[in-house]
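Listed after this line are the structures, all set down as structure tokens.
The two complexes that follow have chain A in common; it is paired with chain B in the first and with chain C in the second.
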Partner chain A sequence: MKMSWERFQIALFEKAPEAVLTHLLIVVITVALAILISVPLGVLLTRPRYRKFGVVALNILNILNAIPGMAVIALALPILGLGIKPAVVALLFQSLLPIVRNTIAGLLEVSADVKEAAAGMGMNQRQILLEVEMPLAMPIILSGIRTSTVYVVSVGTLAALIGAGGLGNMIIGGLALFMPEYLIVGAGLGAIMSIFFDRALSYLEYKITPPGVRAN
Partner chain B sequence: MIELKNVTKQYPGQPHPAVDSLTLTVPEGEICVLVGPSGCGKSTTLRMINRMIEPSAGSITINGQSVMNNDPDHLRMGIGYVIQQIGLLPHRTIAENIAIVPRLYKWPKEKIVRRVDELLVMMGLDPEKTRSKYPSQLSGGQMQRVGVARAMAVDPPIMLMDEPFGAVDPIARTHLQDEFLRLQKEIRKTIVFVTHDINEAIKMGDKIAIFGEGKLVQFGTPEEVLTNPANEFVENFIGYDRIVKKLFLYQVQEAYRPAVCRLRPEEIGNALSKMLAEKAEVAFVLNEADKPCGYLTREELEQEETARDADGLQKLAARRSKAFVQTTTPLPDALSVMLEYDAEYVGVLKNGLLEGVMSFKDIRRHVYRREGE
Partner chain C sequence: MDINLVDFFQRNTRTIMEYTENHFTLVLSAVVISLLIWVPIGLLLTKSDKWAARIMALANTIFCIPSLSLFAIMVTIPALGLGRKSALLALVLYAMMPLIRNVYDGVKNVDRNVIEAAKGMGMSSGRIMREIQLPLGLPVIFAGFRITVVMTTGIAAIATYIGERNLGRFIQEGLVRSNTSMIIMGALIISVIAIALDTILGGIEKLVIPKGLRARR
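Presenting the complex of A and B:
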């Protein structure tokens, strides 16, 4: 198999931009939806009234997470058809768990003394959640979001199988047509995207950790 | 004034109530200490006052208003609350921590800033240095101070303090207790104070409520409780050193004698004859500025044949140059001075001048007299 510089350039400058944009779109939409669902779910499952459902919910999410990404994508095809929408739904299933789990863990880790003092000063439940619990749990929640994001970037390449496009298109196309240039560009950009999200969210995690709490 | 009437807290599934039909009145402007072994219901009682725990039965009123008539969050905003673990918000600066309740009351910003600085100064912290620090940057004692400052932020008439000085070392604790008592003389809050330490209760309380197994066993001033323990439980809780503990209730000014024999520098040679003339057992040697610099006892002058010259007597007296206490010194400290100098007497000072004398016998008599009442 011979590599050509010309084909490499085409892959990188003509095919890649669209693939990257589509991939980003899938990642951003999936993660945004995952946050919107998981964080409130995690909050709910730590409230005294719903705490008893916590174990059940985590078990369901654990099972969902145990299904291989490939299988979820494949199962999505007959049910949801082709395109970005079914890809997002399929990826969403598996991106929920890390965020829910970390939201619960983060909220449970907030010291009971701090919550007791806050309540004792007359802060209501909403104020305690928003001003005390969430800020203190935020670094842990963000770390769950980071895990999810990196996961969606990598498994998102499989979304090409159900016609969602993205970097998976270049990888799968490259394999099918014996064009290693496409393969390298697609996989390489995927890796860079993963690393980028990982680093960026790590930085955000650090930035958002209150100075008084930062372990230095 | 806080009034508890037949207050009971029964947890489901527990054989005995945590608090059993408790009736207690905390008068305005006083510190009432709830004290007892762990699990006796003292903290539960405290936490029912601001409805952190809801009573199962009975009524709790603050200045005649039932706490149940008020929304719990609103009720708590008006009551200072200090807990042993302090519970400062670790992600907020000290200033922000103190400002929590003022912010809940929607005070204007400038007023909050002013009040925060005022409270930091009141608690002996430097606003410039402390204001923008985070709790993790403070020592335990400083955090406790911030905890108290935060509870006093909106100047609530009532404070609930659950082992507020429990988490610091004994030296810092004594210091915090002294400062708080000094502050309380000015601010005159109505305070319910929980501790398991009888010594702290004796020191801090205008009234002491001794709890045992959810019941109020004895209620009274520290002196009443120490003089007449209600039963064996109280006696055991106070300990064998009941009378020694009682000493902490008294200051030198209650026990000393103002009549005192003074020796001017030139009179030191005929100390003995002056003492005999004044029928004094002890004579204080003054310096040129009328400041006392030691004392001589008649006993040692009658025995000591060798050191009769003025110089020798001066030296003998100077050995007790530090055997002096203030009128406000607690009796145990005065006793400690006596033991330290192997002396029967201490000189009593007021504003640096000799005010009187106190002997070991005076302490004994005072305590005995107070036992009889």
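Presenting the complex of A and C:
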């Protein structure tokens, strides 16, 4: 494979910007939907009334999580068709588990003493949840969101297979036509994007962890 | 859309077997190589916190790289090119994170008091590692092995794009030819294998927990 500087420039300056934008769009929509579904679900499954469904729900999500990303994306095509929407739905499936699991883990880890103290101060259940439990569980929930985001960026490259575009387009195109310039630009930007999200979210995680909790 | 899975299966049994075999030899070699490299390194890292942090950061970074990207990057390295060498290297690099982290966590999280007691009985550090830390850390280490196997099985399918003739090939070709039975068949076989491996290894994971630890859960 011979590289040409001109083709490299075309790949980087003409093809890449659109691919990056599409990829970001897929990631942001999927992760936003995943958070909107998973966090309330996690909260619900830790409330006493619904706790018994927790194990069942987690088991189902665990099994779904074992399915390879490529298979999920592929199955989306016959069921949902081509384009960004099927890709988002397929990615959404597997981005739920880390967030639900961490929301549950985070909420269960809040010490009973703290909750009792809050109740003793006259807070009602909702206030305890929103002002005590959620802030304390936030670092763990965010870590789940980080796992999910990196997953979506990663499997998002496969979304190109069902016509959603994004960085995967450049990689698959590059492989099909033996153009290493496209491979390097597409693969490199994909790697940079997911490492960037990982770092940015772990920084946020560090920032919102109260100093007292950080020590242990 | 014309979907006939049974018919597809009957007509393509030989191809399915061939792809499955290729898939498994790739996964097996990747997992064996990963175990041989990463488990000893994980054990070594328990001796130095500084290096553990560095290597773990590296492993995390590699783990973040999209699999299609990593395969593609491997292909551009002249010594590797298309085919099994690139696929193996990428899979082994992915296995680094779950294996090293679980080996490290498993060994490190063994109760300090137990290790103190062993030292008090006059055990050498090598013997403590072999007879105390490894057996007690085994459940966590095995969990890492399980994640590695299931993950490798899934990612290996993507290696079809760099010339591996494995189960991912059905999805790849099915998509190109818009052959729905082929896509569904490919996706189903991979999913069933992944879920089966996960379930079986999950069952074994419960068995390898030492009796003393089991009671506490």
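Criterion: the second predicted complex is superposed on the first by the 215 of 216 C-alpha atoms of A that agree within 3 Å, B and C clash if a C-alpha of one lies under 4 Å from a C-alpha of the other, contacts with A are read in each partner's own complex, and residues count from 1 in each chain.
In the analysis below, contacts are C-beta pairs under 8 Å (C-beta built on N, C-alpha and C of every residue); 3 or more make two chains touch, one makes a residue touch a chain.
This structure is a prediction, so every number in the text was calculated from the model and none was measured.
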So, does A:V114 touch the first partner chain B, the second partner chain C, both, or neither?
first
Residue contacts on chain A - larger count, chain B or chain C
C
So, does A:L136 touch the first partner chain B, the second partner chain C, both, or neither?
first
In the overlay, answer first, second, both or neither for which of chain B and chain C A:G190 touches.
second
After lining up the shared chain so the two structures overlap, which partner does A:G212 touch, if you call chain B first and chain C second: first, second, both or neither?
first
For A:L158, select first, second, both or neither according to whether it touches chain B, chain C, the two together, or no partner.
second
First, second, both or neither for A:M123, with chain B first and chain C second:
first
Mind pulling up the chain A residues that touch chain B in the complex?
111, 113-124, 127, 131-132, 135-136, 210-213
Residue ranges of chain B touching chain A (in the complex, touch as defined):
50, 52, 73-78, 81, 83, 85-93, 100-101, 104, 134-137, 147, 150-151, 160
Using the touch definition up top, name the residues of chain C that touch chain A in the complex.
1, 3, 60-61, 64-70, 72-73, 75-76, 78, 150, 153-155, 157-158, 161-162, 168, 171-172, 174-175, 180, 183-184, 186-188, 190-191, 194-195, 197-198
Report the residues of chain A in contact with chain C in the complex, numbered from low to high.
1, 62-63, 66-72, 74-75, 77-78, 150, 153-158, 161-162, 167-168, 171-172, 174-175, 180, 183-184, 186-188, 190-191, 194-195, 198
